[in-house]
Structures are given as C-alpha cells and as structure tokens.
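Please find the structures below.
Here come two complexes built around subunit A, the first alongside subunit B, the second alongside subunit C.
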Partner chain A sequence: MSIAEQDPNAAKVARETAGTETPRRWLGKSLNRVEDPRFLRGQGRYLDDIKLPGMLHAAVLGSPHAHAKIISIDTSKAEALPGVVRVVTGKDVAEHAAPLPSFGAGPIVQDMIAIEKVRHYGETVAAVIAENRYIAEDACDLIEVVYEQLPVVLDPVAAREEGSALVHEALETNTAYERTFSFGEVDRAFEDADRSVTANLYWPRSTGMPMDTNGAIGDYDRGTGVVTIHANSMNFTYFLWLIAGSLKIPAGKLRLVPVVAGGSFGSKFFMHKVPTFAGFLSMLVGKPVKYVEDRRTHITNNDHHGSDRRYDASLAFDDDGEFKALRISCIDDYGAYLQFGTGTHGNALSQIVGPYRIQHVEYSLAAVLTNKNQQGAYRGFGAEVSNWILERLVDLAARDLDLDRVEIRRRNLIPAGSFPYRTPTGNIYDSGNYQGVLAKVLEDVDYDHWVEYRAKARAEGRHVGIGVVASQERSVFSSTEFWFWFDDPQFTPTSSPESASVRIGPTGEIVVTLHSQSMWGNSPETVVSQVLAEEFDVDPASVVVNYADSQNALPGTGPGGSRYTVMVAGAVAGASSELKDKIRRIASDKLEVAEADLEFRDGGVGVVGVPDRHLMLADIAMTAYMFRLDLPPDMPSGLAAHCTYDHPLTTLPNADRSDLGIFYPFVGHAWHIAVIEVDIETGKLEFLRYAAVHDAGTIVNPRTLDGQVIGGTVQGLGTALYEEILYDDLGRVRNESFEHYHLPSSMDAPSITVGHQETPSPYTAYGIKGAGEGGRMLAPAIMSAAIEDALSPYGVTVTSLPISAEQIVEWATGPRSD
Partner chain B sequence: MKPAPFAYHAPDTLDEALELLAPGDGVRVLAGGQSLVPMMKARALRPTVVIDVNRIPGLAVVEEEGGALRIGALTRQQALLDNDVAGRAQPLLHAAGRFAGYLATRHRGTVGGSLAFAAPWAELSAAMVALDAQLEVRSARGERTVPARSFFTGPNETVLEPDELLTSVHVPAAAPRTGAGFHEVSARYRDFAQVAAAATVTVDDAGVCTAAELVLLCVAPVPHRVDVAHLVGTTGDAAALDAVAGLLVGLEPLDDIEVSGTYRSRVAVTLAKRALGDAFDHARGAA
Partner chain C sequence: MSDKRVVRVEVNGAWHDGLVEPRRTLSDFLRDDLDLTGTHVACENGFCGNCNVLLDGETVRSCLMFAVQADGRSLTTVEGLAEPDGTLGRLQQAFHDNHGLQCGFCTPAMLLTAHEYLEAYPDGGTDEQIREAISGVICRCTGYQHIVESIRAAAGGAA
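This part shows the complex of A and B:
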C-alpha cells in the first residue's frame, strides 16, 4: 500500500503533523473539557430551551396498528378544540411535500406522515399544531382514524416466503436486498481446513437512547421564502439538499441552524425526518413551530433502531488453531423502510476478519422489510454486531480445540510488521501493534491471578467466569459503503469531508467555526481547542468555537463512524498551517529574521533559541488587520483560513465487487477482560474486574477518550444484558417507556479501568484514529464469553442477546455437563 | 407526553383537603408524585382533579414513643431512611426502604404515597404488612384505622374510598432482639422489584426464634404474608430455612413483560431464605 494513493491535501497535513521529534505541548493531555462549564451549569441551550416569538407547538398521533390502511381521518373535533391552530394529515403531505430521502434501492417510499397506509406501530398518521404542547396532545386524542388492518409482517424469515403480506406492494417482495459476496476461495478453504464451528446467532433490536430526543423548530419567513430550521444536531451540509427536496423548496432557501444535542449515539446521525417535519409544519401555518419527540415516539417511531440480525456463521480452522475462512449469512430485519440502504453491513465488511489473519470470507446478506420501526445508526453501525459474531465463533473454536481463549487469539493476530494490512474485502488496516495491546491488558488485570482465583472459587462451588475478547475499531467512513452493494448504483458519492475556519482576530484571539453540528455528547470543542493550542501554543481555554449555519457552511459530514476527531483535527491543522505561513512571513519581516528561525511558542512567535525575541499573536494580528502598508506587498489584510479536509484514503470498489476498495481505513484495536461472578439462584451477576486497553492511535485527550470507551462499554452492557425493543404478536411495541426498556445506569456499570497504547496512523493528522464506538464493539462479546465461562459446568453456549437473569437461572437449573 | 387537562388544588389545611376530596370520583391526591405524575403524563391516569397535599402542615412528622412509631403519610421515603430513631425501632423499615426507588425518587416519594398507590412491587407495603402496621385514614365523613394486612386488595387497589386520605402509619414496637432482612431482584439497580422478600425474626437469649414474619412481593396480587410459625423454636438452621420452600408451593405468580411466573416462584424461595437468614443473623447481633 503506497501512501501516494492518499488524498494529496490530507497527505500534506499528515506530513506536517506527524513530527514526534519535539514532544507535543497540548495534545495528549487530560485537560478539562471546555464544553463542561456551560453544560454542567444548565447553560447549554438545548433545543427545548429555545423559544421563538409566536412559536407554536406540535404533537403527533402515532398509529396503534403495525400494518393498516388508513380509510378515513376525522379531524373536526380536534380542530374545534380551543388553542388548536391546524391539524395536519398525510393529505397535506401528499399535496405539499415530497417523500423523505432514502439510500435503499427500489420503490420504498417513506413520507413524514403516512399517506395511504401505516407500516409500523407508532408511525405518524396526523399532527396537531397548537398554542402549546398540552393542547396539541389533547387534540391528538380527539382525532378519529378509521383503519383497515392488514396482515402484520413481523418474522423476517417468514416475510421472505411466497405469499407473505407485503410491507411495500410496489416492491413486490419484502426482501429489499439479497446478495452473496465472496472474497478469496472460501469453499476450498473450508474443505481444506481440519475443522470448523457453526453457530446460529441472534442480535436483538435496541436503539440509541439520548436524554435529549430529536427535536426541531421550523421558522418559515413568508417574505423571503426562507425556511429556517433549528435542529439538535445535523450533519447538515452533507444532506441539506435532501431536506430541501422533501420540502419542495430550493436548497438555498433552507437554512439549518445547529443546536447542541444531549446525546445521539447515532440516533441523530441521519436526522432528517424531525427537522423536515418542523419545517413543513411551519410552512403550513407561517409561524415558528417546535416539535420534539417524546420518549414514546423516540422508541416507536425514531427511524433509528439498531441492527436486528439472525446469523448462520461458520469459522474454518486447523488443528493448531489457525483460522482459515469465515462464512457468514445474515438476515437483517430492517423494519418498514430502508433509509441507509444496507450501509450497516458495509460497516461490518470493513473489519469482518477482526484482528485475525483470515484470508477467505463469504458474506451473504438478505435485507428484509417488516412492520417495525426502521433501522438507522447506532454506535457501532453494524460492526459491533459482526464483532460479536466473530468473537463468538472464536470462543467456540477454542472450546472445540480445548485451547485457551487467549492463546487461540494470539496465534491468529495480524503480526506487527504487516501494516498497512489489506483485508480480504479490500479495506485496509492502517497501522497496529495488536500483540502490544494484548500484553498490556493481560498485565493490567494480572490475568494469571484471576485464572487462579477462578479455580479456587470453582472449587468452593462459586460461579466465577472470565471473558477475554478483542476487537477492531474502524474509524472514519468514506461514502462508498452506502453504494458498493450494487453493480449499477444510482448515486455513487465519494466525498465525506470536514471543514474548519480559523480566524485570529486583531487582538490575537482565535475563533474557530465548525461546519457540522458535532456537539452531541462528545468533545469537539475540546479537540479543536487542543489542536489549536498545539499549533499556536495558546491556552486552549481561550479558543472560541462556534458553528456555521447551513447557509454559511463549508462541506462537512458530521460526527459518526468515529470520524469527527480525526477529520476536524485534519481540517483545523490544514487551516492552521495556512495561517502559520502568513504569520511567519509577517513575523519574519518584523523581527528581521529568516522564517526558518521562527517557532510558535508562548502564545506567539519567537526566534529559536532567543527567549526575548518574541511577538504575541496580537502584535502580528493587529498588523495583519490594521496596518496594510506594514505587510508584505502581495499579502492581503486579515488573518483567516478555511480548510476543507477530505477523507484521507478512499479508493473505489472494483467492478465485480470482489474488492470493495478502501473505505474505512483508520483502524484501532482493543482488548477487554471481564471477571464476573454469577448468582445462579437469581441469575444476577457481579463484576469482580473489568479492564479495557485500546489503541486509537495518537490520543488528543486521554480523559475524553476514557469517557468514550467507558460510555460505549456500558452501552454494550445494555445490549448484552438489558435492552431489547419488544414487539408483540400484533407488532405493537410492548416497552415504549423506560419502565420496561432498561438502560444500564451508572449503578449497574462496573468500575472500568482503561489503558491505552498509541500506534499512530500514518495517514491522518497527528496520527489520530477514531475511538467513539469501541466499547460497544467489545462488551456484548465479553459478557457472552464471561457468562458462558461462569456457567461452564452446565455446557452453556450464548447464542442470543440480551442474556437475561431468567435465562441464566434456567441454564443453571439444567443438568451439569461436567 | 403531557397530562390530560385537570383541575389543581393545593390546600393549606387537612380539613380543606378532605373537603376537596369529598366528591371522590376522578380525584387523585398528589404527594411525592413519583408514580402519579409519570402515569398522568403517559395519560394512563386521567384524574379530573388533583389535590396537592404538600402544603398541609404536620403530615410529614415521624414520632417515636416506647419503640412504637407514628409516621406521617407525607414523610419522604429518604427522610424515613435518614431517621435513625425509626431505623433502630424497626430495622425492617430501613432494610426495605433502601430498595424503594433510588436517592432522587426517595427524596420526593412519600411513605403514604407508596402505600396508597399500592404498586405490587412496593417495598414499604411489604414492610408494613410484616410489621402489622395500622394505617390512619381520614375523610370529611370521619376517620378510621385499617390494618396494613387488610389494606391492600389488588395491584394498585386498596380499601381506601375515593374521598379518603391516608394520613399516618402506626408501627408497633419491636420486641427486643428483633432482626430484619430484605432481599430483592429487579431488572437493574433499584428498579421495580420483580420479586422481593421482607422478613423479621425475634430470638430469645439463647438465639432461638420466638417469632418470625415473612412477606413476599410480586408472587400474588397483594403483599403476600407467609406463615413461618415453623421457625419458632429453631435457630434458623438450614433445614428450618429450607422448609420455607414447601410453604411457597401453590403460589402462582404471573408472567409479565419482565419475567415469568416460574422465575418468580424459584427466586421467591431463594430470597425468602436469604431474608430470613439475614433476619436471624441480625436478631442475634442486635441483642
């Protein structure tokens, strides 16, 4: 892999920021988050805090049925309620709006309010705009809808059979997509291998559950025709034009104003319906309209449920434990629509072989439509599922060989000298030292101690189990994963840039403008401040960060796929580089020294080795803005730079898709070890130890990285032990509130120790890799392994999640196998 | 999620509150609001009148006399936990109370509210049944005292008439050398109980049981008192505790979205034994 294939601008940034000769001054320090003071003091200004003059409020009526024709809607009683401004139905949408965007193939049409039929429980059938939310909800109660119920499609396997009711009649099938990809010689590898293990595995449907649900305020200006939409998080410059399309307005007339979000976990990544809806309602009444999902709607109608997958998976290996080939067949229950196409499986294919030297891979996918809420992004975006599958198979192989679970993994790790490493699908792993991470995690937990502890505990009749799992953490997607599925895709984007504008004002203060709404619980402002501090040696707390609205924004893709830290660091470094060149020229003039003799230090520029020959940024900036005649003659006034930083390393898939190209190349690596004790009488478990070691390349801020690892891990524990959206036989959601949808709280989480190794990426700014999702990629696998180990006397194999206490009791009351 | 329209009153006196309650139908009392408000917001409950009793003086007092307690209905659950006198007088109140919600909800949720709401998983209901508490109930028509053991009639159902207000709870004094135990299983830390067991045991100088009580939650429509008289005369040895299993045969707890009745039955035995075992240990230590 030649670095020459890299995006040339990104390559320049990588070169300029790679330097490890001088120690870094600000990157790598656990500075306090610059975001914290305002959020922790209740001064964050979330969407629901915003009140525009004359603002109205909307509530929605969700369908009580999973699949039904809408025969009639009587809104007269609702309209008669004092305080109601307008009742809106699918008829209004049909007349004035276009369908919502979708990357799925085929006629799978979704409207912001159902028009002819509803396809899942909770789907919006009407909305009320009223003086306040109370009245709006009262009026929803008064809307009378006559439905004709249709046969409900819930089981994705049955949905594929001839004669099944259809979710989308125009598609003529419920199988929206089906294809087998083959990389290498899979059949032969299985034939030649000494052994194989096979498992049928089920990954349950759960969803990102931010405290702050999706919300937006539409504000239509009849005079200018501009629709302003305030929304809590949008990677808006990426698909703004799609929202304009749904609203049937020119894209230039749409202005999205980003608002901070209290969490996303993916659920706001492709957040288009809620802002489109608020904009639409505002256009209908000519006044600002606020719409915020309530929790019930967020659970039943958020368009962002996570993966819901059934697998038939096999791993071929030799007697010595060497892995040979992987065969995976998946039926994914996508729900009623297909907004992302099958992109969540592209994600899986970026690291399908994990950290192991597996050469041959077959991947079959059937994407099935059912009468459930559609899938969207959820931390891991499908790769967390494939990692669970792979680690399950590895544990089964270890058991089959009676080989230690650490040892079988160690034997198959990609060796440290083989990076960049090309995986069978075509994606690369940029850099790594997997053996180093393993050694560190074993040392951090004192693994041998716990093995001994387990033996003693077992002798006492206690049920102590150890889980040890590894994972890759791909970061920074490029957009080919959304379309390489098709031989003849309709739309083949290859951009996923991020931008930053850096201005140093006349008094020397640094103001940076970001072009994605990236504030949803991560630390974009801390990252940007630390990068600028590194470049200019200024106090990071002095950096001011703001966000462009869409009419002022440069290209951006937003946080998602663990990309934002890498990409915004690249953009800020690129803009800084340009500014630093200009500053050096001015300083060189003023100090009468060669540019090469200058360095950025102490909030300004100084002559190397001469402490008192120094100018503050303010000295230079004032000259740049106010003293044109003191500047070099060809230099315009001002001190501002904009950088659009493209994905550093994307290549196209080949024609027959036996090589998907490079699409997710900055790949971290992690190991987790958990020691648990199970109370077999209640099925409850206790954590005795939980340790994680991650390698996410160069670390910007260890504390915020720890936060990402711990948060992701706890979410993974939710998937492993607690969370599942339950549909009844009629397709109604049974747990549409937190009463029965159980998120792990901090009190349920173990104390997690986080260690780091730093293997820089050769392709990114400073060598940073993304690290927002890794915890959730490991925790389900580790809990499966640890529980299985604790219950080893009963010969248990974990094949589905979440693992309930009741299931554990059932296993433990079964016959012992030892 | 906003509640349906309702009228709201916040009377300053008990008499005023009782007068407002008198019409009965459609009226709900707001104390801590930790159950009522979320259910109103989900529109699962749609009272037409809400009477907020938080301004009425004297309803949140805890008094002790000779080991007996009078606990005002408006006493916050956390205030009861923070009350050392109450904890010493009747350790089960603290053992069970620790499981009632979590810190934030306990600071608002009230003792009386928990009992009157009668959620089938309410830990304080189990404690009051085990302790044979007497509930003082008032209405514009007068007042009466109802034993906790006959107060609950079903899930979220009690003998309270629509115009009645629970005003205080009288807990009789514990005998010397009385210990308590409480065990619970819930989906997560301090979630609603899926099964729970509350126990008290009194022992003599020699550590031999002279009295024992066991109450289970979520195995029957109301807090279920199990006759554990067989423990009297024993030291709570393994055989005596194992015999509890036989007493629970025939209970048919329901399946629900959380767990199956089978799981509840199995775990009830375990929790009952653990709660009684703890109560024995505690009683012997509490001499």
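This part shows the complex of A and C:
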C-alpha cells in the first residue's frame, strides 16, 4: 500500500540498507560505547571545563517578583567592586540587541534581560561580568532594583477571564492560542456509543533537569566581527540565523561550536537563551565571557519547563469494550512566553489514539500565559502527557465495564496486518506487531503468577497492585507540528534533515563529521561507528567522530523527538553508499573483477568467495588520493562523501486541517507491567516486579537501548511520584534547589527487565525507529494504574500527578477522596 | 587579595600548592586552580553528590568544603583512577562493559563513591547495599540499574 511519496533519497537508502540474507555484522550488537573512555577518565570537556585565554565570567540577578514593573536599577555599587568589568541591564539589551527568537504567534516578546517589566520569578534583570564567578555573584547582590509590583497571574483558568491582569499587554489577552480540531464524526460517535467515561486530569509542571545545566561561552572577535559561541547545545543549524538576529549580526558571522552536554531531556532542545546571552555579553566587553546557569537559575529561568496541563477528557466505547471516540480538551499553562509555540500538542496529535483503533477524535487546546517560567520540551514532548491521559481513560473504561485491563486493551489493538496504518489525524504508523509485544511482556513477567500473587496478598490484607499500560513511541518529526495549528501560518518549514560527512583518509582511517549537537547522554558516536562498521566491516572503535561548528555545518537538526539515531544512520548510510560505489570502481580496476563480484569485508574489499583476493581500505584510499592516473578517467581524487538525509516520509496538512498529514510516522510500541506493594501507613512503594518490552524497529545496540528505556522509565517515575515545580501564591518558586525538588535516587528506582521485539520500519535506514523517550511515556501511566489497583479497596482514582506518599496515606486512611 | 591563604594538598599522589581565598570551595580549587575538571558540580549545595571526591579515602562533597579545609590532606579524584597511560581501572572498565554511564556527568562521583564502597565490601555485597551506597549521588540518565550492575561486576572481576 502506498500511503505517500517517500523522499527519493531516503527511499534509496531504505532499499540499500534493508535486511540482507547474511546476518548483520555490527548492527544489533551490544558493543561497548566508543564515547565512554573519555568520560570515565574525567576528560569529558563539558562546557564549564573549557577555559579560553582572558575569559571573564558572568552571573545574573533574577527577579524576586513574578510580575513587576522595573522602576529603576542602580548599578553603581556593583560597578565599584574590584574585579567587576561591566554590569549589564535591560537598557543595554534595548540598545544593542533584538528580542529572542519565538515560535509562538502574536506579539509575545522576550528579551535576554527584562526591559520594562519582569514576567516571572527568576527572570533575568541584570548581569555582571567579572574576573571570576565569585566576584560576579557578589556584585549581583549589590545591584539595587526598585520594582512596582503588578497583580500576579498564576491560575490559567482565571487568566482567561475578562479583567485578568495581562502578562503581555500587547496581546490583549492571556490566551495565546485557542482552537479545536476535529477528526471524524465525534459527536455522532459519542451519541452512538453504549458508554463513555470522563475525567478531569492534571499533569504537573516539572523539567528535564539534567545534571549539567545550560551554559555557553561567547567569544567575540573584534577583528573579524565573528561571534563564536561554545554552547552545550546545537539543534537546527539552519535556524541559527535567529540567534544572529537577536545579536544583530549577519548570520554568517555567527559561529556556534557544539560542546558535550551532561544531559538534556528536552532542556537543551534548540536552547537559545543562554548562548545568545553569552554571545551578547562577549560583544559588550570584547572578551570571552562564560555563563553557566546555576541550579537555582536552571530551575526558575531555564528554556524548558515541561507541560503543565489541565484536561477534561472522555472516551466513548461499547459494551463489548470497543473504543469509539476520544474527546480531549486541554488548558495548558505555558508560563510567561511561548518560545516553542504549541508544538508539544502537535506532537501529542501524532499518536493521540495510542495503539488503538479509535476512529473519531476531537482535540481542543487553550494555550494560556501566566507569570511562570516558559514551557518547552521535556522527554516525550507532550506525547508522554497525552499517553497518560489515554491510558487513564482506558483504565477507567475497564473499571466501568469490569473488564480486565489487559483484555480491554487487547480487543482494541490495531491488528498486525494493517500497516502502514493511517490514524484519524492523518499521521501514519509505519509498521508494528502490537499483539506480539503484548504476548512477550505477559510471558516475560509471568502475568498470571502475579495476578494470583495479588489475590493471595490481598487476602492477607496487603496492598499489592498491578499496572499494565501500553504506549506508542512516535519518532522523527518533520516540523509541520509546529505550524499546522494555523490556517494561515506565516512560516511553514517542512524539513528537518540530518547530515553526515564520511572521509576515508589516505591511510584508510574513517573520520565522520556530524553536523549538530549530538552527545548529551545519547550514543551518537557509537551509533555512527556501528553503522560504518556494518557498511565497511571495520572495527567500530577505529572510527573517529567529530562535530562541525555551525559555520561548517551542513543542515542538522540534532537530537529530539527520538529522531537522531534514525536520521544520522540514514545520513551515514547515504554517504557510505557513495563512497562504496567509488571504492568498488577502483577495486574492480585493481583486482580486475566485475564490481558485482566484490564485497566489503575485513576492513577492505574482496572478491566474493576468494579469501586472498582482497584490498585493504588503505590500499584503495592511497590510490584515490595520490595516484590520479591510476583512477578511472572521470574520477576525481579523494575519498570523501557528504549526505544530507531528509525526513523520509512526510506530507502537508490539508487546508481545513481535518487531515494534518504525515508528520511523525516511525512509530514504536511498548508495554510495561509493574507490580508494587504499598505500605499504607507510610505511603511508601516497593517494586515487586517491573518489566518492559519495546519494539523500536531494528536495534542498533540493544544495551544502549536498554539504557534509554530504563533511564526514561525512572525519569517517568519521578514525574509520577515526586517532581513538581511549586509556585507559591505570589508566583515565587518554592523548591528552587535539590533540597526540595526530589529527583529519583538509586533507592527509589526499581530493577527493570527490558525485552525487545524488532519490527523494522519500511521507510528508514536499516528499519530503525527512534526510542529515546518511551520509558517516560509509560511510567506515569503505569504508576497511576498500579497505585490505583493497590488501593482499590478504597475506591481511589488517580487524576493528578505527582502521587505523593502523603496522598497515598490520606487515600488509605483519611476521608475518601470522592 | 591580601587575605589569601596557602593550601597544600596531595591529589592523586602528587602534592600541589595553592594560594586561595578562604571561601574558595574545594571543587573550584580542583577544577580551576589545578585544572582537574573531572570533578563536576551540579547543585553547589550538597544535595546531588556529583562533586564527590575521596578525602583520605572517604567521600566528601567538594562543593561544600573549602579548599583550605583540605590543607595537608590527601585527595583522590577521578583523574587518579586510570593508569598513567590511560588504561581504565577495574571499576572504570566495569562501567564501560556494563553501560554504567550515559552522559557521564555523574560518573566521576559514582566511580569514587563505588570505590569507597568496594573498599568496605570487596565482595560487592547485595544490590540493596550497592543502591544504598550510591544513593547520595544523583544520576539523571541511567535509572541506576546499569550502575549497580557495573559495581557488582567490578567486585566480581579480578583486579
């Protein structure tokens, strides 16, 4: 079935890398990561490890108020402190810079430093550049700011009412965006269905919270006018002109250098606040300036808090458990700015029906501005929230029907024979075998055993609960999700390519250049090394990987939306294919055999079936570089290839947006089962069993995939049980340090068994699908389900997160919640 | 500044002298004055353990200590765990073999904390004991499981 035209280059790559008869040599093996040794020795070269000659250090003064006019700023005492080079305020920004980039619609302007008023607690009001960070921080304490406090907007529902104070006066409302999408005949389906369940659900604001905060070093070269910025993020190399715009420099004069990051999880996704800021400070003083967020600033003023959503959601179904329609209405508290637009809801629409055959969907969104930090990306990018909503509704439906929670899901799964499957929104699921994953997880965990165990434990008065949930894991966005919200969008990108350059040097060494930020905890170097090993049969540890700076970069989008492995594998495969053609031509000349009789083996090229007729890559490369007259006449010297690999399969939305097109089509599938025991006196949980089975298409490296699944799951447990950024009545963050913002520790995390099924994607290189976010898509839903099950004697329904120990105790011992 | 003080510390077997302000943290002293940037700071107020180093064999939070407090004492940082030629030490190798790191930011502190633990429990103890031993070091990437497996493997492996 042909669903859409595949990108022709991507189609070629998919064809060439599709499974061959011979088993794969290097892909699919749990090789040790090539990134590891430098990090194990403490030689990671993170941003804060880098020192440039003459480098100065910046610290910022954050607003103590959530909403206030800046009346005056007196910097004289700060300036008088020895070691202070310059104090910077909004006045400097107004004079020398333009606002920060924004992907949101409407007049929602954000500056690097607040100019007339502050819109959230912790927003930057001034900065100090000094000889060292100690002095810079001391000087920040000496800056005197007079504020006039304004009414604070915190509740997104009240913020929508007439007469509310406004976060952005120019917008004339706090509702930055509002729309309802309808797919199919939702009203009719709800009327016709035998039953429905409805829930009001709340997903709390948390954040990716990497151990390494966002940081950058600006290095302005007065001579050339080039602003070099070393930053621990570089996404979207083709959007960096936006940063140049904020700095008011020609785009070509901006040079971003990607630096390794100690984690992102969304918080460094198209990170622009910190790099732009560091570049600006450097331009002001003409010297390198380092700015690294401290933890408090990261929590109160980073680029990306996660979703903060209130839902009214309903699922219609028949008496036999067949799902019919889904209606979701969401008020999303975006905080003070709309930097990344409503893309996180576009993301949710890519897999809004989960793995189920639901035909009719309505989705309403109100994006509301309040006096909180801006919202953006967090692992799952909004789809983790929608999966929690869907799985909550499914559990409620099971309860309504008194039907087993596995059985109700099984009855609704999309059958294995129906791929590629078009979902109601228009996005497709490329391939899958959901029944297979379910069967495997039930078997891995010995589900029946635990059902019996639970019955016995309950008879003894123990509170044992089982959670069973499923999720899709969409991967590889095409970028239309950022603008299909509008009938008449101003800017409609449809491209999100990734590039790779592969060079085989004269002595046969393979050096690959990647063209975006890559290493932030994922394994880009291992992935490309394994792909190159697969193509050339070389030792992956011998491949050298480096990263281009933005002036040298080909189009690169970087990690995000579980796209990087798929896309970089495609780019490396594409470049390899070109090189292999050239190598074959040279080798066929040298060995005097037809190209078709050649194969890549043992670090070179050999004649099929003739072990001793073989040339090493070095032999061929030396010829390619040095002996032009030995080459075929039309062949230029050298052995290098570049490939820009475009999104393999994407289509435009239609005019009335009843079809959003294909925008996130490589879709993995997973099930998790957790068995927990709850101590109702303390609210503490014990994990008796936690099992996960994921299908992410062809696996590059099973062990690193396990690492992503386990790490993401534990992060999801944090969302489910502990994490929330708490704003008080005045809009101040109450938990701005790790003392009060609890991250899961080794004692909180379960031991997880991870299983895999491999259903290749027909559209991608090697059939790989992305898989970086799945754990966090399932864990909140599974904890909700398992706790609800354990507390079933008390009639508990989990409708908001995080589920605290106190809440559990209250449910079990206090008055019933409803 | 005139109120600077001399500190003398042994780090990974070599003695270093420094002239520091009394308020200079040990982590800043290691990172900026001695260029030992393997010690990482993630919260600067004692809650994440990412800055752990060994002081006379015991883990301390280097962000909470002043450099002057380490005067005359002996420190081990992550840079002291590998052989001089860069060959990974046993624990490091076990982390490598068992995917005990993702972004690598918490890894130096994890290694040193595990090192201290294995000195006390050379046979590795139970998973529960390992989890307890590392519970003061926050890792945002791994979910800890492969770290626990790495430490167990290091205990089992020959030196």
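One rule holds in what follows: the second predicted complex is superposed on the first by the 807 of 818 C-alpha atoms of A that agree within 3 Å, B and C clash if a C-alpha of one lies under 4 Å from a C-alpha of the other, contacts with A are read in each partner's own complex, and residues count from 1 in each chain.
Everything that follows uses one rule, which is that a residue touches a chain if its C-beta (ideal position, glycine included) is under 8 Å from a C-beta of that chain, and two chains touch if they have at least 3 such contacts.
Keep in mind that what you see is a predicted model, and the values were worked out from it rather than measured.
Using the contact criterion defined above for the overlaid structures, shared-chain residue A:A805 touches subunit B, although it does not reach subunit C. Counted by residues of subunit A touched, the larger count belongs to C, out of subunit B and subunit C.
Look at A:K684: by the touch rule set out above, it reaches subunit B but stays clear of subunit C. In the superposition on chain A, contact of A:D92 is made with neither subunit B nor subunit C.
Residue contacts after overlaying the shared chain place A:T813 against subunit B, while subunit C stays out of touching range.
Of the two partner chains, subunit B is the only one that A:L726 touches; subunit C does not reach it.
By the touch criterion defined above, A:E534 reaches neither subunit B nor subunit C. When both complexes are overlaid on chain A, the residue A:D294 reaches subunit B and subunit C alike. In the superposed model, A:D212 lies in contact with subunit C only, and not with subunit B. When the two structures are aligned on the shared chain, A:D646 is found in touch with neither subunit B nor subunit C. Residues 134, 294-295, 737, 739, 744-745, 747 of subunit A contact both subunit B in one complex and subunit C in the other.
By the touch rule above, subunit A contacts subunit B in their complex via residues 133-134, 137-138, 141, 294-296, 681-684, 722, 726, 734-735, 737, 739-740, 742, 744-745, 747-748, 804-806, 809, 813. Those residues of subunit C that touch subunit A in the shared complex are 21, 23-24, 31-32, 36-45, 47-48, 50, 77-79, 81-82, 86, 88, 92, 95-97, 99, 101-108, 111, 127, 130-132, 134-148.
Put simply, subunit A touches subunit C in their complex at residues 32-33, 35-46, 48-49, 51, 134, 208-213, 260-263, 265, 294-295, 519-523, 703-704, 706-707, 710-715, 737-739, 743-747, 749, 751-752, 775. Here subunit B touches subunit A in the complex through residues 1-5, 42-43, 102, 185, 187-192, 257-260, 263, 266-267, 270-271, going by the rule given at the top.
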